[in-house]
Amino acid sequence: MTARFSGTVGVLLASARHQILVFSTSWRMSVVLGVVQPTVLLLVTLSLSARVTPAYTSRVSIGVLLTSFWSFTIWTGAGILRHERSEGTLAPCLIGVRDFRLVLAGKSLGASAISALIIVTTVEVVLAASGRSSRVDHPGWLVAGLAVLLLSGLTLGVGLSSLFVLTRFGPQLSAALMYPVFLLGGLLTPLSALPSSVRWLSWGLSLRWSMVFLTSTTSGTPDMFALGMVAALTTGYAAAAAMAFNRFSVLVRTRGTIDFA
Amino acid sequence: MNAADPPAIRVDGLTRVFGRGVKSVSALDGVSLEVSYGEVVALLGMNGAGKTTLIKILSTLLLPTSGSAVVAGHDIVREPRHAREATSVVFGGDRGLYLRLTGLDNLRFFGMLAGLGRRELKGRIDSALERVNLTSVAGKRVETYSRGMRQRLHLAVGLLASPKVLLLDEPTVGLDPVESDRLRDVVLTMRDSGVAILLTSHYLLDVEKLATRVLLLSSGRIRENMTIAEFVRESGDAATVTIRGHGIPPDIAAGRLPGTVTVTCRQQGSDAWAVDLRLREWNGDVFKLLDDLFVTVKVDDVQVRETRLEEAFAAIFAQLTP
Amino acid sequence: MGFLDQQVANPWRVSATTTWPRAILQCYFFVLLGSSVTDSRAFAFEGSVVLILTLPTSISISAVPMTDKQMGTFHRIQLGRIPVAAVMALRSLPWLVDALVMVVVSMLAVGALTSQLPLAFRLLALSPLLLLMALTNAVAGLAVASFAVGRNVDVLLGNALMYLIIAAGGIIVPPGRLPWLDDIGRVLPLRNGLMAVRAIVNGGSWATHLLAELAVGLAWGVLAIGGYSYRTLQARRKGVDAFA
């Protein structure tokens, strides 16, 4: 049991490490999504308000973090299998001895972790450079919330990756999914501004609840219901991701489309 | 390994169809074959014959439409994971490697995928790099490698897991003669250690140097299953002897020739001539003929050319193609 | 050729189902963002609509030279009779058309969503000005691409241009909030044109802003011509493909 667990953890970590290495060779997208986008969004949102309090700064910072984290997930995490295919490494991955679901989960974890690190660093640097201070009443819960967010990113990366690899218009799909989540997540724009007929969709987004929970850790009492929702939705995403991957795995073997969409 | 051992690869009535209805294409049609441990079998065929399709099915990348395939005792449809544990595939080419990572990073990742733990991975990587002579460049990015080096890295990936079955899809494509020889030596070492090897190649030198048996695949079907010697004999000729001389040409009457020899005589200039003797096989009659024909004439040059496998290949496939 | 290229990469049905909805939602996002704090919905609407012009003309337009890099066909263009910069410009026309279509679609859809339809129709009447802004932005996009494609940073710089316009182009941030960004914005496409749009809508003086937009566009045009000419010269000197 212990050996099997350490083997599983070993595969996850090795795959995460590998993906971070691959990631580092595609630094351009990281700069766009991890540096340029959060910097601009932070500057713009902070300069929109005439009166910027630490609480406002914290809320906006979390909104920018989640916005860029989703951008990263939809472009890089969701593009893992697509990238493997374009490199010609998808076939060797699929015929490996290790369960590729585990390997893909590790890769997605690596992508999520590195993206979170880059974005958090950028946000801290921009806040420091602009002389803004933020407020965090419950740093421990903030870290816990970020950890659950990472898991959410992992499951989304696996699921979306398995879907997007089946079409050659994956990049267009990635682009199309950015703003719906920005809006429905209530990350930088209020949910109340959306038409009531679509607002209910936000209940199914872990990012919306992450926003609520992480913001609650900066002042007042941490919203445990929101944390529970993130965890529950992440579990649901994991199940959906497993189904998506199985479907992909069978389809490419049945159709013979390992090398092309 | 002895004759009583089950084969490493057994394929039975394997069929693979792509597409549906009127647009469907049958890439494999009832293919059956066996490969034993310690044997190298070459799969030959024109482009589009189904060679890579068969390799993909055996490697579990592709599902067959019907039929069965068992690799190292495991059905590739019902027990794909166990089949993969015993198999390594070398697809080769410019793709299939993380170009922006180092050779070492590639081997670490693929070694992990092959089920190797951290402790044994290092040793296996060092050994594989040494066998393919890439130790000195392992720390460099693959995109800086030459084509031959990339091909060797592909082979190193295939060697990591010490497979029982090795599937090689055009392993020497793009390699110069020295690199090709080096790669063949590695393959022969694996064969000698008992690995079953199924090889596809367009380079008949690979077939000649490595294979003990040849399977001819045409339009998705196995047409012939023969040894190398049989393969060459099938083309019709074992060798061509060209004799050049001057003066009076030799007196060659059809009745004097054994049944296994055909001859053509060419005049070259006013005084010189050349005689081409095409031999179905080497035997005592041939040497006696040469002695009788040429003892009285002035011979300037004798050349013996063994029939090249390309000629054998072209001749056989000309018969197979409608 | 440009139309064929653009259609292969972005067939109509893909544009209609993914790219245009993305543009609409991006526009909607920035309107809500801009009006969430300042409550100046019209200001945010005007800027967000104009911002949509950047999607095909700042980011996607790098596909024009990128195709030649990937296919190794630049030497054919180099050996042709038409100047390289002219070929790139002509092949970019479909992206201009795409930009206008996206702007109109976004304008009407988001106008309906945010109760800004009357303003949307007023902006529609300013299509010639929007076309000019699409042109200046396309020229800037091509100029950036001439530098970026050879270094494989086209995605980075194309996006950076768009984000710089968001920050410094007066899109949703009123002028004067961040003076140093305003200074940068003066030399970027769209900003002066957007000021002209707002001036027309609000009944103010617009000619100076229009001329400034033209001047900025011309300056970027000179940079683009210079960029491709330099690449071609380097290719001849070093004997390599211009974007190698």
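Just a few scattered comments:
Should a chain be cited, it is by its letter among A, B and C, assigned in written order, with residues numbered from 1 in that chain.
Throughout what follows, a contact is a pair of C-beta atoms (placed from the backbone, for glycine too) under 8 Å apart; a residue touches a chain by one contact, two chains touch by 3 or more.
This structure is a prediction, so every number in the text was calculated from the model and none was measured.
Once CA atoms are averaged chain by chain and compared with the all-protein CA average, the nearest chain turns out to be A. Each chain gets a centre from the mean of its Cα atoms; the one farthest from the centre of chain C is B. Chain B and chain C have Cα centroids separated by 55 Å. Inter-chain centre distance (chain A to chain B, centres taken as mean C-alpha positions): 48 Å. Averaged C-alpha coordinates put the centre of chain A at 28 Å from the centre of chain C.
For chain C, the set of residues touching two or more other chains is empty. Touching chain A in their complex are the following residues of chain B: 16, 18, 53, 56, 59-63, 81, 84-85, 87, 89, 91, 93-101, 105, 108-110, 112-115, 117-118, 157, 161. Residues 7, 10-11, 14-15, 18, 21-22, 25-26, 87-89, 91-98, 100, 103, 253-256, 258 of chain A are the ones that touch chain B when the two sit in their complex.
Residues 10, 14, 17-19, 21-22, 25-26, 28-29, 32-34, 36-38, 113, 152-153, 155-156, 159-160, 163-164, 166-167, 172-173, 177-178, 181 of chain C are the ones that touch chain A when the two sit in their complex. Contact residues of chain A toward chain C in the complex are 28-29, 31-32, 36-37, 39-40, 43-45, 47-49, 169, 172-173, 175-176, 178-180, 182-183, 188-190, 193, 195.
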